[in-house]
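Inspection log for the structure reproduced underneath, given as structure tokens.
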Amino acid sequence: MTQRVGIVGYRGYSGAELVRLLERHPSVQPVLLDHRSEDGARPPIRRSSLPVRLPCTPESVINEGLAIVFLATPPEVSMELAPVMLHAGARVVDLSGAFRLGTPEAYSTWYKEAHNQPALLAEAVYGLPEASRDGIPGARLLSNPGCYPTAANLAIAPLVKAGVVDRAAGIVCDAKSGASGAGRKPSLKTSFCEVTENFSAYSILRHRHVPEVLMVSHLEEREFSFTAHLLPVHRGILETIYFRAIGVECPEDLLSVYETRYSAEPFIRLYEPGHAPDLRAVVHTNFCDLGLTFDARSGRAVVVSAIDNLVKGAAGQAIQNMNLMLGFPETEGLL
Amino acid sequence: MTQRVGIVGYRGYSGAELVRLLERHPSVQPVLLDHRSEDGARPPIRRSSLPVRLPCTPESVINEGLAIVFLATPPEVSMELAPVMLHAGARVVDLSGAFRLGTPEAYSTWYKEAHNQPALLAEAVYGLPEASRDGIPGARLLSNPGCYPTAANLAIAPLVKAGVVDRAAGIVCDAKSGASGAGRKPSLKTSFCEVTENFSAYSILRHRHVPEVLMVSHLEEREFSFTAHLLPVHRGILETIYFRAIGVECPEDLLSVYETRYSAEPFIRLYEPGHAPDLRAVVHTNFCDLGLTFDARSGRAVVVSAIDNLVKGAAGQAIQNMNLMLGFPETEGLL
Amino acid sequence: MTQRVGIVGYRGYSGAELVRLLERHPSVQPVLLDHRSEDGARPPIRRSSLPVRLPCTPESVINEGLAIVFLATPPEVSMELAPVMLHAGARVVDLSGAFRLGTPEAYSTWYKEAHNQPALLAEAVYGLPEASRDGIPGARLLSNPGCYPTAANLAIAPLVKAGVVDRAAGIVCDAKSGASGAGRKPSLKTSFCEVTENFSAYSILRHRHVPEVLMVSHLEEREFSFTAHLLPVHRGILETIYFRAIGVECPEDLLSVYETRYSAEPFIRLYEPGHAPDLRAVVHTNFCDLGLTFDARSGRAVVVSAIDNLVKGAAGQAIQNMNLMLGFPETEGLL
Amino acid sequence: MTQRVGIVGYRGYSGAELVRLLERHPSVQPVLLDHRSEDGARPPIRRSSLPVRLPCTPESVINEGLAIVFLATPPEVSMELAPVMLHAGARVVDLSGAFRLGTPEAYSTWYKEAHNQPALLAEAVYGLPEASRDGIPGARLLSNPGCYPTAANLAIAPLVKAGVVDRAAGIVCDAKSGASGAGRKPSLKTSFCEVTENFSAYSILRHRHVPEVLMVSHLEEREFSFTAHLLPVHRGILETIYFRAIGVECPEDLLSVYETRYSAEPFIRLYEPGHAPDLRAVVHTNFCDLGLTFDARSGRAVVVSAIDNLVKGAAGQAIQNMNLMLGFPETEGLL
């Protein structure tokens, strides 16, 4: 028996990916929820069928018996809708940054505005299953991780925990993302003529995704440098992570940290030492691919971490969390 | 009165760029030199005229009175041709890696084959004018720098020299290049279907351009981490360089190092602190653009350095060196 | 119970797509067949599993009980292997142009070499199901259509048959394909730097796919003009087809021809008049999308036909034919 | 002695290209004219200098003594500004469609709004020099041709005039343009994620550039079919033009029409029969390249015409017209 789930913000890139993936999921049935004025353009294909569309109201939640509502909306909209949907009886998976950080203070520091739902912020469970599944199955409000922090934390957290990183020397994460990471709203910065045959850095040392990495990987701000870049590709994130290894003599010493930590993880793939994933390897999948290189002479190491920003970095991970919340197999609809 | 100069390897991407730029140079006249079997395809445009083509022989050098011969050839071909061209009376500007490193031992370590012209290697002058013009005007054999090291050294060398870099913590250079950096020879790695909508790291921690950075910026191997990446663009290099600053309180402290060093340099452009060049800013120019960001809280700094790999990273810099060697204004034909 | 099928040429773009699709097909199990020296590179992902690989020999066919062997090989290799595989007891689906044309003479005219298997050419069944399913279920040797003709014939054949095209004025088919249509073998023409930010026409008026359109749509050579173009995209074909309509007063008159012909076809999608598919609509699917525009004032019409050259134009259509040959539902593994 | 010229709309793609080209022109000095709220962002490069910026007023025209004002603005803005600039004593080169068509009726038919400057429309001179230089030197208001019609008319007009085209069978022009043709204003249609790896037809059979082709090449609407397409490239137009030739036995018969007509034209390049230009050949130049193929068996011919939409299709042609208007050599600043 399938359950019904709602999607708000289904026209954005993450929301549309969510609909595509949920339509193939054997155990749920997606319902589109219209928040404010959604553009109602019908596709030009004759006789094509669309998922059900309803207004984004408590009545829709109640009448349809929606088990979960996904919010693929900006943080301020998520803060507005989350309490409404929860009150109507749905559980919420929020894909925005609204409920990711630990405190309202952290939120206002990095998002440059006050948080107006501190109680929900305190209640929200951060849903990066490979880092911790605690609390996900029972979460009422699940906060889906940011795209950059997903790729970064899956690479960094096990190494920091295992004590093989020289934190004093610092970790550098040089991150590159395709243009869909900037969302579907037209802007000069993401227009074709500005992006093609171009490449640029942005939010140098002050991206709002930084605190999620500090929080999950247990790092201090002075131990971590992060710069985001815009790649002339549609989708995909690749992060090149540099650190000085301690207590390590060969690449296998580092690899064994990952192997121990991730041996049972269905969505982590490890590469032979010296090899690294490219974007192609992960696009349209929910995998996070990790490849490490260690230079014994200098003691320096590099990990390349790659995900699809719209799948493992957004919609796919949201479904992975939904599977855990609804008691489905974790990989259902995602392989 | 114009002088004649020869180009070997004029069908490669660097060589073709060299011909394009030299055809507009007011003081020289390019002559194409055919080494072995060059493909003789005529362009399909009716009545188009081409530069003179001659066999790559000592006779051509002598008969044409070639002042300089540019070698846009692989290292092994440059090692073969440089002594021949020099003996015929031309000065040589070599765009390959054959004569860049300080010793035959360094060459064999990084290029994985023995150097067979150690005397010429000792004589060769490394031509990065903004780092040092010493020896360039009088050089008989000039070694044109690699593309990655040009962008890296112009960013790093002044900072290291000024003592504002915490070398113990290490410098990270995350470098990205367009596909023309891999040359014109067809290969699966640079075929359209493999590169488009993709992005990948290569030569992680062991690129053969690393020793040029150590040499010019006076760094130890353990102080420097470098990874190259292939961007889905035709041309351009952007490097994101991370370090911990010492004795620095604000971005202007770092910027002043560059301003002092580069105040009279026509091909270096500095950005306001917190801003950074994108590829678009430098492509088809001989500029190296530098933008720095400093985070006072963490003491960490980032410099973004961008060049066109075929211009400042190859053909343009070769002409800049030629201008110095032949006594022309340094910017002639390059603005 | 699943059946085993073999794939020769599994490293090419069509062959690799075939393997990807067959691995998800519920009723068959793919076996890779190594013809001559296939590059044996293992993927760098640890613990990844691969389909079985065997030499491409009669013994493999017999021992594995292969029901069908797919030849994703050049025409000359297909001519060599088809009789061998058939003799060993397998049925053959050939993706090359070896067995598409009606006579050895037509083959030598368009492919510029003699056909050395005229008996098999006579026996081969041309597998464009939407044009004719006759003979496909019982075929021993099935010839899979070319990519360009698939998009062209699905658009043109019904209109010609319905008598709504002014054949005397001629039909123009302006065809554009992504670079994967040229195959995986590296060449300067399909290298990234030559294709990106570029666009070019090739085989103007003399592409070897032309005779397939004449054959299936029943046109004379003087009635049909075809030009191929190379798009800077990975995959997808879009063809813009121009003709003068006769006996037609409004777009619906033309649309009804398609609706009648294709009402039961699962892989044809029709667009509202005045709308047209883009590549995005069909890439990674087995659909052929058709959109027509009719200008009553001038009597002129345009049909835009779009497919994925590697799916409906190659591997997907091959599986559609396999489904018919083995008695599976026609859409199995393709939706 | 240089003359001053003004540019309105200098932030758009055509306007910015105009500024770039005019800055290199030896005989003029560009002045930026701010119409309404132009975004005043300073470039982040330190010490960069910009052209003079003034408000777009009659006073600026008079005080600066502007010989010509270029309007790189939408048609409705051009209709508003042209009379003002003319009244202030400047001559006007308009890059919009406001003054291209012959009558107010034609304008309202194709541009879907009334023309409010019929007297200026009657006075305006259409500036396609290779079709006719009549009136250009003395024009007070010059209308710069559309990008698509420039490529189409340079290919078609001489053939129609020479009587070698079977007009009854019709001419098909399949046109493809890079995304800069849609202007700089952000929209979903030209956002990177929608354009990359995609290709689409638009304005099928009803593009507003059609009447310019009918007007210049002297064709009836029923004789001409035109479809525009959006290429995933920054700049460049390539048009593939199909017709049935009459009185022609070999490609040279057609080529001689072009050779006679264009023998003295500096910006037309002809290709050997059977060859065709690609976008790469013309991008960043003011050339229109023409390559024709003729199939004697079917009597059908194809001409491929390529230009840079921002140069010969807009800014370059505007400067070519300015050169004629101000008595400079026609190619000045354009080679």
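Annotations
Letters are used for the chains, namely A, B, C and D, taken in the order the chains are written, and counting of residues starts over at 1 for each.
Please note the rule applied: a residue touches a chain if its C-beta (ideal position, glycine included) is under 8 Å from a C-beta of that chain, and two chains touch if they have at least 3 such contacts.
These numbers were taken from a predicted model, which means no experiment stands behind them.
Counted by C-beta pairs in contact, the busier of C-D and A-D is C-D.
Residue numbering at the chain B/chain C interface overlaps substantially, since over half of the positions present are found in both copies. Between the CA-based centres of chain C and chain D the separation comes to 39 Å, rounded to the whole angstrom. One finds 46 Å separating the Cα centroids of chain A and chain D.
Counting partners per residue, chain B has 194, 196-197, 232-234, 276 as the residues that reach two or more other chains.
Of all residues in chain A, only 168-170, 172, 174, 176, 194, 197-201, 204-206, 221-222, 225, 227, 229, 231-234, 236, 238, 240, 242, 244, 274, 276, 278-280, 283, 293, 295, 297-300, 302, 304 touch chain B in the complex they form. Within the complex, the chain A residues that touch chain C are 44-46, 48, 196-197, 269-272, 275-276, 281, 289, 291. The residues of chain B lying in touch with chain C in their complex are 13, 178-180, 184, 186-188, 190-197, 232-235.
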